[in-house]
Amino acid sequence: MKLKTGLMAATALAMFGAPVLAADDTLDIVFINDGHVAPYHVAWLSGFEDAIKAYDEAFDDVKVTGRWLSAEGSLEKMIQQTEVTINEGPDVMFVNAINVDAFEPLVAKAQEAGITWIAVHSPMDSADYSFTLGDVVNGTNQGLAMCALSGGEPYKVAIMLGQAGNPSGEARHEGILKGIAACDNVEVVAEQPADWDTVKAQSIAENWLTQYPDLNAISGVTDGYMYPSIAIAMNGGRELDFYGYDGDIPILQQMTDGSVKADILLSGTREGWNFVQMAYRIHKGETPDKVYDFFTPLVLTEENHKVALANGFPEDVQVYYVDQALDVAAKGYLEFGPDSVK
Amino acid sequence: MPDLSRLMREKNIIFVTLALCLVFYMISPRFLSLDNMSAISRQIVPIGLIALGQFFVVLSGNIDLSMGMGSVLFAIVLGVFFGMTGGVALGIVAVIVCSLALGFFNGMLVAKLKLPAFIVTLSMLFCAQGLSGLIIPRGQQIFLMGGFFRFVGAEKFMGLYWSFLFLVALFALAWVVYNHTRWGAAVIAVGNSEENARLAGVNVDRVKIGVFMFSALCSGFAGIMLSTRMGFVQPGLDGNGLLLDGIAAIIIGGTLILGGRGTIGGAFWGLLFIGIINNALNLLNVEDVWHQVFKGAVILAALGANWILWQSRQVEAH
Amino acid sequence: MTERLDMLGIGKSFFATRALDDVNFSCTAGEVHALVGLNGAGKSTLMKILGGVYQRDEGEIRINNTPVEIAAPADAGRHGIAMIHQELSLIGELTVAGNIFLGKEIRHKGTPFMNKAEMARQVRAQLDRFGLALDPHRPVRELNSGEKQIVEIIRALMSDAWLIVMDEPTSALSEEDKEMLFDFIRRMKAEGIAIIYISHHMPEIFGIAEDVTVMRDGVIVLSERIAETSEDHVIKSMTGAELDQFVKPHKQITGKVVLSVDGLSSPGNYDGVTLGVHEGEIVVLTGLRGCGAPELAKAIFGLDAGYGGEVRYLDKTLKPGRGPAVAVREGMGLVTENRDKNGILPPLSVRDNIALPFLEKTLKGGLIDGARVDSIVAKAIRDTSTKTSSPDQEIRFLSGGNKQKICFSRWLDEDLKLLILLEPTRGIDVHAKADIYRIIEDLAGRGVGILILSYEIDEVLMLGDRVLTMYQGATIHEYAYPHFDKDRMLADMAGAGHTT
Amino acid sequence: MTTTTAAAPPRPRKAMDSLTQRYLVLIGLIVIASVGFSIANDNFYSLANLGILLRSIAVLFLVSMGMTFIMLTGGIDLSVGSNVAFSGGVGVITLTTTGSAPLGFAAAILAGMAIGAVNGVFIGRLRLSAFMVSLATFALARGLALVIYDANSINVSNTTFLWLGGQSWGSIPVVIPFVALVFVALSLVLYRSTFGRDVYAAGSNINTAFVLGRRPERTLVWVYVLSGALAGLSAIITVGRVSSGQPWTGLYLEFDAITAVILGGTSLFGGRGRLLGTILGVLLYGIIINGLVLTGTNPYLQSLIKGLILLGVVLLDTLVQRRQAQ
């Protein structure tokens, strides 16, 4: 009956997406994202949905409503969705713009209509707030971890990139290279963009394993690449290290048995919850930093952290151990739930 | 003289494929390594299944656009059942049942209501795409771990992947069915002239329903193979890419898109051709942006080459 | 026991039209029963009911006095009824044997696999029986139309049929092939097979049939033993009235030369043909099928490129491979022999079908003047007495004769200088034929040069101002009206006295 | 039962032209969808929203009109979506290097026509399968777009270049009257020019068209060039819309266009259909699909609805016609 409930839920969403029921105080949040398909997106959007529900239930004085829209990768669609949304006048808009320049006129229009605009990931000067990730720093941490865990021997790594030209992907890439540069035994033997596409990632991983019989590790700018890479290596009976980015729960779960060495705890769920928390705080009159940096620690196992520290990994880098990371990733409310603002 | 033109077509693609191999080998000797050959053999399995199913549909004068998204849907059906039961058997049964049902539905609409196959299967493409996201809770990915997936996806028999052996076995079976059973002759007849086939006593409706059920079943198999290769399933996989590669394979292999003419051998070589191009572009580190250019140009070149060959044959005939 | 078929009180309606009304038809094994009638008289409908293609609304079909149901073509086969359809109903991509056994392939015992060797052997045996050299393994698309007809007949024979329906079997056959066919039919008769023979051709019918049944407007108007009737009587029953005979008007050819062809050659098709067509003159090319005349006509029009020699039209030399567009712009027109393949535009209206070649002439300010098109179309319909409910009617719903008239009416505007006609009356009935002859003479009277290819000797004699006989690609003799010699012409066509 | 023999059953007295009937069905569905949306959401049919909606389907209008010409010839053009990206890229690069908006416009349209010409020559002159040829150019044009953009987007600030796609007069985007203008022009071409009649003729029976001296092989080339030109025009509008050139723009746009044209009653087999049907098809498709997109319906549900509408309309049409035939 999953299909039926899914249908009904979706229909309900379509029909009553923006209810205008009168309540004393309302907070309507719209999140316009560039996609809905990648595992990170899925976690992100469901974290957002869950948080909306939780906040609405937790606070009697405010009616919290919200919905997400997916532009399915099309800038054009995103602009239309933004225009329609501005017309409907929510309180807060999170926009993960595919191209920030195209949105400047819309930011002005939204602010005219009294809507708080929060630019997601790529900061905008004109926006009320920007929600950022610190991609270069995170990438550097991944690279540093690679150095520290490679064991000093010659270590060959292949890096799977985002879509060419994508700012997030390029910042992460830059960071990773910066981190790797800290030691000289790690050699980047191949780099290829997989366009955030898991299937493409699979072919690339397959070819790498053929082409570089002595490959030691695969690093990626998203955990989406890790799933097929791990499957391919496992099927091929190859022992490889993986360095992920995103904090997807299934990848975190693969850290304890060893194949995934390090990950960056963005976690879509956490980010979704953090959005709602941020919107609620703003609604209650708080003013966060204009550029709000999402707290994204590095994830390692405890042993590996110790090994890394012994190999000169900087002590000031914040590290979560796997259990803790899994906990906050699965339960976004631990960090960003209603209790965090009460 | 046994069907010279057919032979020419098949040989044509064989030569082109071998020449391509040589070129790639000269650029990167690793291309012809055993490892890479077996990697190609595994990569082509889902496309091959799509191509094989599509072959009979196209032969009968129809087209099945729902095969690519269908295979994504069926991979997810398998995943959903695996998630619920933790086992594979029920999931595979479900995939087979669902795919046959989809094929039957397509076939009925085409055969009985006389709707164009293009329209019916285009709408099924959209429906499959939608359902693939709706039957999986919140569109999440499902991990498929365990003996079956490892076995099909990674185990070898005499140096060849089981999945590739399955594909080859299916092609062989299809070859026998196509060349040595009444059904094969009936499909050709329907593709040539529905009216004439009907007059000769061929049950045209049953043939049409049959080819659509077979193509849907193939997309079911392709879905299973996709899932074993990836180790996980998720909606939003690029089914249309698979579909278009599959169609390209059989057309390059000499199947007439209007139906009525084609060979299984040709389809297989066309498949290798597509598989080799896909693999080589990655392996030779061709810059990503050039992949599509190269692929489009190669298909155009293959079409042009076929045309020149055809022209020269026309001249000979005079 | 002698098998017999009775169709009793058969009725069939399509929508509001009564196609068959209380039709009684019988035939017996060992005899040929001719079924004749104009196009649309209902004979094909009747046979399609017998063949399981259509379902009857009323009546009963009995075989040997037992009522039977024929719901699908396969049922007809089970009852020993085989059909040879007017349009060849073969599958080009299958082999001769594959076609003959389509739908009833022989299998290896206990397996689903076909026994191709056995099927080929059986076909071989049948072919040998009639002394035919044809490879059972050849794909049918490589055969010529005579060979295809043979395959159709062998298929009917091998289906163990006791009754074979032949729907205008000679329409695509050469004279030699026709003789072979009649030989076939006689032998089948001797073997106790019943044949229903549909044809327009009186000589064929009176040469081979024992019975004749005439249909008109969905009812049977005559059913007689051949011995007890006459050609005139049969024709009168078909048309329901005296046929107003077409009489060739007398005329004097004085105009300029429109077309002159000099030493035209194309290897394997025609060789060194020289001819000329004057204004207002009707020149007829005739011969047997395969004589090269249609290829010649197509080359003149610009459809074929690979020829040597010269084509001069209105004092200009036409280059090979120029395509027909040049010729059409200069007032040349062509009516092809195969309407459905390249004569009509099926989804389009009568208006669009007629207007297409002369659209450029109706332009006003760069746009098509609809009123002008309408008036030209209306005139064309009137002049050819085409029967259509309106110019907006889609052409595919018209009868063969009316479609053919539309193929003519496209060219009737005043700029036409030369009209090439390939088998202008193929497959149309006597009424439409007379109309078409009249149209041709009218055009000639207006000064249009006309080049006709015809295989029907009576038509040749009736229409030609000048007749050229052809044999194996070469012109044999030229005859000028009224000095026609039918016997010599036939001898020319058959290659008598011709050394190769 | 279909039969092409001379003894085809006479046609029933036609109650209504089958295309007219399809148009009534479409209009009915458009009305139902409109009412449904305005009940569900007060804001949906505000003038501003209507403007956004129409603008969002402007490109689909243009591309679908080109596709109508192509499908009237019995062909198909899978390359239009990629072509929008490619010709946009050429236009934007020309604009940024020369700084001249008119040159940019010309370059975009010429680039679109170039891809169309490749299609046209292979399909019209060499008589190769339209499906296959345009499948190849589908990959080729997308690849070229990625190459010339180097997979990056390029920002555009030239106001002249952005005018067509970006400017609005009040709530009415400039592009809407522009699309209407193109519709009128193309209608004149299709119904009142010899080229238009040749399009129908080539799709009805290419052999006959050839014998009648209509040069259908040329007609085919020009039809694909026209579709390419419309893709180029769409590219200009798209760039104006998003004030940048995007290499991935127009992905699978051809599927939407084909769907809209089929909805509009144009036959896949050529020779039958009208531009008006395509307009209605795009409107229905646009209102429902874009309505759902803009209001944030689950994208998977959108796909499902898309499929069901396509199947539903065609099925309804067939059933109604069958009923009339009885």
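A, B, C and D are the chain letters, set down in written order, and residue numbers restart from 1 in every chain.
Heads up, the rule we're going with is that a contact is a pair of C-beta atoms (placed from the backbone, for glycine too) under 8 Å apart; a residue touches a chain by one contact, two chains touch by 3 or more.
Each chain and its UniProt protein: A = Substrate-binding protein domain-containing protein; B, D = Ribose transport system permease protein; C = Ribose transport system ATP-binding protein.
Predicted, not measured: the structure shown is a model, and the values here were computed from it.
Graph distance from subunit A to subunit C, where chains that touch are one step apart, equals 2.
Pairs A-B and B-C differ in how many C-beta pairs touch across them, and the larger number is found at A-B. Farthest from subunit C in terms of Cα centroid separation is A. In this assembly, the C-alpha centroid of subunit A lies 36 Å from the C-alpha centroid of subunit B.
Chain centres here are Cα averages; for subunit C and subunit D they lie 43 Å apart. Subunit B and subunit D have Cα centroids lying 29 Å from one another.
Residues of subunit D in contact with at least two other chains: 3-4, 150-151, 269, 298-301. Chain contacts: subunit A has residues 7, 10, 36, 164, 193 touching two or more partner chains.
Shown for subunit C are the residues that touch two or more other chains, namely 53.
Here the chains touching each other pair up as A-B, A-D, B-C, B-D, C-D. Of all residues in subunit B, only 63, 109, 113-116, 118-120, 122-134, 139, 195, 235, 240, 244, 247-248, 251, 257-258, 288-297, 299-300, 303-304, 307 touch subunit D in the complex they form. Listing the residues of subunit D that touch subunit A in their complex gives 40-43, 46, 48-49, 52, 55-56, 59, 149-153, 155, 238, 241-244, 246-249, 251, 290, 292-301.
The part of subunit C that touches subunit B in the complex is made up of residues 51, 53, 72-74, 77, 83, 85, 89-94, 98-99, 102-105, 107, 112-114, 116, 137, 139, 267-268, 306.
In the complex of the two chains, the subunit D residues touching subunit C come out as 1, 3-13, 188, 191-194, 197, 200-201, 203-205, 207-215, 267, 269-272, 325. Residue ranges of subunit B in contact with subunit C, taken from their complex: 2-3, 176, 180-182, 185-186, 188-189, 191-193, 195-203, 260-261, 318.
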